[in-house]
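These are the structures, in structure tokens.
There are two complexes below, and they share subunit A, which is joined by subunit B in the first and by subunit C in the second.
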Partner chain A sequence: MIYQDSKTLLAVRDLHATVNGIEILKGMDLTVKSGEVHAIMGPNGSGKSTFAKVLAGHPAYEVSGGEVRFEGNNLLELKPEARARAGVFLGFQYPIEIPGVANSQFLRLAYNTVQAGRGKDELDPLEFDDFVREKMKLLEMNPDFLDRSVNEGFSGGEKKRNEILQMALLEPKLAILDETDSGLDIDALRIVAGGVNQLANKDNAIVLVTHYQRLLNYIVPDYVHVMESGRIVKTGGKELALELEARGYDWVGAEAKANARVST
Partner chain B sequence: MNTAATTSYLDSLLQGQPPASPLSWLNQLRANAVDRVGALTVPTTRDEDWRFTDISPLTKLSFQPAQGAAQLAAAQFEQWSIAEAAARLVFVDGIYAPQHSFNHAGFTVENLATGVAPHDTAVQAHLGRHAAFERNAFAALNTAFLHDGALIVVPRDMALAAPVHLLFIATRKHAASYPRCLVIAESGSAVTVVEDFVSLQNEAYFTNAVTEMALAGNAEVHHVRVQRDGAEAFHFANCAVSLAQASRYHSVSVALGARISRHNLNVLLAAEGAECSIDGLALIDGAQLADTHTLIDHALPQGVSRQLHKCIVDGAARAVFNGNIMVRAGAQRTDSSQSSRNLLLSGKARVDTKPQLEIFADDVKCAHGATVGQLDVDEVFYLKSRGLSDTAARNLLTYAFGAEVIERIPVASLRKRLEQAVMAQTQSAAPSAAGQT
Partner chain C sequence: MSTALQNLVNQPYQHGFVTDIESDVAPKGLSEDTIRLISAKKNEPEWLLELRLTAYRHWLTMKEPQWPNVKYPKIDFQAITYYSAPKPKNKLASMDEVDPELLRTFEKLGVPMNERAKLAGVAVDVIFDSVSVATTYKAKLAEVGIIFCSISEAVHEHPELVRKYLGSVVPAGDNYYAALNSAVFTDGSFCFIPKGVKCPMDLSTYFRINTESSGQFERTLIVAEEGASVSYLEGCTAPKFDTNQLHAAVVELVALDNADIKYSTVQNWYAGDENGLGGIYNFVTKRGLCKGVNSRISWTQVETGSAITWKYPSCILRGDNSVGEFYSVALTNHHQQADTGTKMVHLGKNTRSTIVSKGISAGHSNNSYRGLVRIAPTAAGARNYSQCDSMLIGERCGANTFPYIQVSNPSAKVEHEASTSKIGEDQLFYFAQRGVGAEEAVSMIINGFCKDVFQQLPMEFAVEATKLLGLKLEGSVG
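Presenting the complex of A and B:
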């Protein structure tokens, strides 16, 4: 939701990034204020997921230009773990499986690490168990998930629910959810979206990276951005998503090129 | 040539042999072994079987068997007790400690030195018959010192789920100990045996163990071997297992300790339809060297073998794995798979892995593979994106890599304790998960 006088959480200016020497982001601009929900859409290969990973600090991506400020501070000079502790959360498109580590152990380690990093109290295993079970209700998760290895043998929907559970535990200021809707059936999508909606408040912000408009029926964005060739070429309200659904992406690119010709 | 020097080193180790047995065949066995010790030399890296394992640091020190058991308070080894154990034999510097041992197993679990006579025929049929010492200096040395040890005889159709715990405690600097273990599992029986090597001190000592297991038809043995010797220890072990028809042997070996360790495990599938799974984990750091040589010998048809061996190597440590799978002519319809997976955590860590398949039958299913790698970048990133420091993320993934083997230990309390030990060892570099950013 858009609030008057809300503070700027994320300011991305002319961001360029490369992977293996190939430029993927080519002048990305984005401003996100607290309370807002943004959707970044675009065709495959437009750079959406790269943008999400660059914000979280994935080592495979090299920032070659521009800046990213998070609450006014230079985000790019922070290591991934420091970004997490500062309040940036990336929900993974493909969450990693970690056989041999119980989910409860992983979740508590992540929670306590982030709590300690923020100067807040850590929880012992018993306290954490109560705490996490409460959060799991939000996502209609079976407590069995705690005893299983992290994401191992989880269905697509279970992995995404586990991602949102981590978001619920870590209480980020900025949550970037990368293709959180992919591979979900309608029931799972409803549950995941319901969880995200309950976590959204006036002090945090959510950036949804998605290929499909479907998710936006459940999580209503304040802004919809269309990415193409490594930058945002069009920004609109939630109605833009419906238009994209009906007309595809081609017209946006054509329009952007036409505008570019006019302006030069 | 230093043959003379190394020969005399073995001779020097022969000092302090135990008293003669009243059993002439046993004395003869020991005498034969003494002869072989005299004829053999300490292996060097010029021997194919020891190519990657330089044990010359051993020969720079002298070791003597302990005379008389050190007195221990139970509290000193309580940390290693296994709650589920139905029987426990404790050996202190190789010497049987009856006051710390108990047996509620309902069958023979006793000191070999006194157990031989009542089980003369059975023991004579197996002792020294499986672990050949003609060409193996360490097996010969152990046999020359045959005295205290564990004798386990599981009667026909007797099945015990609770484990038998053999606890070998090192307490003295420069002590040599020669643990011996003989397990006779009669037909249809089932038993779980835990061999556990621990230390109360960190000076150099020499453990040279031999274990023999004979499984009769349809018997099942779970064998857990935990080597958590002191940091300066030298640990040599030869284990030989013989499987009769449709018997099943499952082993999990974990090597955490010792400066230099060498574990030979030979499993002979001597009859049709025998099965074995032998899994191993070496977790080493610093200047440690852990060498595992296994031989799975499919001698007759319809055998099944499964093997997963993992090494986690940090610092300037070195792991060696040589896994030989032999499928002899006539061992048709053998089904065998072997996997060697290795994780190198530092630039100086090294692993030499050599899976070997030798197949002389034509109707078999055999798969083997080896991987050597570092931690996956995406896995590390996933954990860091959840706030874990680089070190904490790497430690957790390293732990998980090792846990796959630990999880196969069928004794819950031991499994839990080893998980904690592996966790502690993989986190030694990072006292706190929160740590530095």
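Presenting the complex of A and C:
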């Protein structure tokens, strides 16, 4: 939701990034204020997931230009773990499996590390168990999730729920959800979206990276951005998503090129 | 590999110091004279000298095994010293007579030689350069009939027991290094748990190599009579030398009807430097015989040291319903090579065995699991379950699994599972994105990987093992 007195959480200016020497982001601009929900859409290979990973600090990507400020501070100089502690959360498109490590152990370590980084109290295993079970109800998760190895043998829907559970535990200021809807059946989509909606408030913001408008029926965005070739080429309200669904992406690119010609 | 990972797996060796102590050293080289000298120094009975000489003559006809997946230059057996003992080597009446330099050495290593020490509750036989220098809690253990002493002492005090069991599990001609050991072994631990006695404390042997050019040939013999049980621990460290030292020990376990032996090792011999210079060649034969019905032998090992490890703690399951277990973590780094595993030989009916092997390779190291499961025609209803997992850290290390399965009884059930995983950038990034740095992430991943083995270790050993792997325990213990 758009609030009048909200403050700027994320300010991305002319961001360029490369992977293996190939430039993927070519002048990305985005401003996100607290309380807002943004959707970033666009065709395959337009740079959506790269943008999400660059914000989180994935080591395979190199920032070659531009700046990113998070609550006014230079985000790019922070290590990935420091970004997480500062309140940047990435919901992974493909959550990583960690065999042998119990989910409960992993969740508690993440929770306590982030709490400690924010100068807040840590929880012992028993306290944490109560706390996490409460959060799991939000996502209608079976408690046996806690004893299984992190994401190992999870279905696509279970993995995505586990991501949103982590979001619920870590209470980020900025949650970037990368293709959270992919691989979900309609019931799982409803549950995951319901969880995200309950976590959204006026002090945090959500950036949804998605291919399809389907998710946006459940999590209604304030802004819809279309990415192409490594930057945002069009921004609109939630109705833009419906238009994209009906007409595809090609016209946006053509329009952007036409505009570019007019302006030069 | 990230720097945090590098630092974590490259922690400097903590036990690399040399103790300055006067030793009684025999001249280098191996011949019948050397063996006669060792036997004379130890004032041994004639039968033992004969056993040594037979082993030596057999050894001369044998060839060094070539099948392990390890590479090293040919060992010059004439350049090795076969007898080195700290002076004075006359028998000690009490701990107060132990050379203070030795006491300090073991204090530094965290080994409790003082019975009043804080870590009391574990009886220790301390072996320094292949000679037993002290055994704690001997008197207390004797009250319940347990014999726990050096093997040299046992040869004199309990010759009938030693003669009955020595070489009964690993015969003198068993393999190249076992034959060598049988010819030249200098000392080791002897442990005898009489009928029906549950050993009231953990027993342990702590091996320390100190002399640069001396080979290490210990002999351990543990016998549990009917219904007896014992938990045995073994620890090992050595100073840093640029040369390689040969360690060729033999461990024999015998479990009679309903007896239970649990043998745990944390092996931390010097592994050589980051370029592969120096380190111990650990060529060891360990074998347990489940001689009686319902007996059980369980091996747990955490192998982190040695330039080369060549070792297969095995179980011969002769008694009906007997149980053999092997739980292993082998970590190799830099240029270390490990070819380790087990043999489970099922002879009796309804015998069961479990193998859980976890190999972790980092740096340029090479880590192989080699295991044999043999079900004899007599072993009706035998069962085996094997699980062999490998984890790779970085791009230049290797992991191999060589399982050998021979089944000669149609009613047997044998299962084998294997997996290979890798600590990769993506796993570490996932942790980082949840606020957790690389060091803690690796620690948690490795602990998770090894937990099936660590939970088999006695408490203090589990702690030491975890520390050894360069880990910090975070998370819900228990």
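Criterion: the second predicted complex is superposed on the first by the 264 of 264 C-alpha atoms of A that agree within 3 Å, B and C clash if a C-alpha of one lies under 4 Å from a C-alpha of the other, contacts with A are read in each partner's own complex, and residues count from 1 in each chain.
In the analysis below, contacts are C-beta pairs under 8 Å (C-beta built on N, C-alpha and C of every residue); 3 or more make two chains touch, one makes a residue touch a chain.
Because the structure is predicted, anything quoted here is derived from the model rather than measured.
A.B. asks: Should subunit B and subunit C be called a clash or a fit once both complexes are overlaid on subunit A?
C.D. replies: Once both complexes are aligned on subunit A, subunit B and subunit C clash.
A.B. asks: Quick check on the superposed pair: does A:Pro125 touch subunit B, subunit C, both, or neither? Answer first, second, both or neither.
C.D. replies: A:Pro125 sits against subunit C, while subunit B stays out of touch.
A.B. asks: May I ask you to decide whether A:Ile98 touches subunit B, subunit C, both, or neither, giving the answer as first, second, both or neither?
C.D. replies: Touch status of A:Ile98: both partners.
A.B. asks: With both complexes overlaid on chain A, does A:Thr18 touch subunit B (first), subunit C (second), both or neither?
C.D. replies: neither
A.B. asks: Once chain A of both complexes is superposed, is A:Leu170 in touch with subunit B (first), subunit C (second), both, or neither?
C.D. replies: It touches subunit B and subunit C both.
A.B. asks: Could you give the residue numbers on subunit A that contact subunit B in one complex and subunit C in the other?
C.D. replies: Dual-contact residues (subunit A): 56-60, 79-81, 83-85, 89-90, 92, 95-96, 98-101, 106, 109-110, 113-114, 117, 149, 166, 170.
A.B. asks: What residues of subunit C sit close enough to touch subunit A in their complex?
C.D. replies: Checking each residue of subunit C against subunit A gives 2, 419, 421, 425-427, 429-437, 440, 444-445, 447-449, 451, 474-476.
A.B. asks: What residues of subunit B sit close enough to touch subunit A in their complex?
C.D. replies: The touching residues are 377-379, 381-390, 392-393, 396-397, 399-404, 407, 432-434, 437.
A.B. asks: Can you check the complex and tell me which residues of subunit A touch subunit C?
C.D. replies: For this pair, the touching residues of subunit A are 56-60, 79-81, 83-85, 89-90, 92, 95-96, 98-102, 104-106, 108-110, 113-114, 117, 125, 149, 166, 170.
A.B. asks: Spell out the part of subunit A that touches subunit B in their complex, as residue ranges.
C.D. replies: It comes out as residues 56-60, 78-85, 89-90, 92, 95-96, 98-101, 106, 109-110, 112-114, 116-117, 149, 166, 170.
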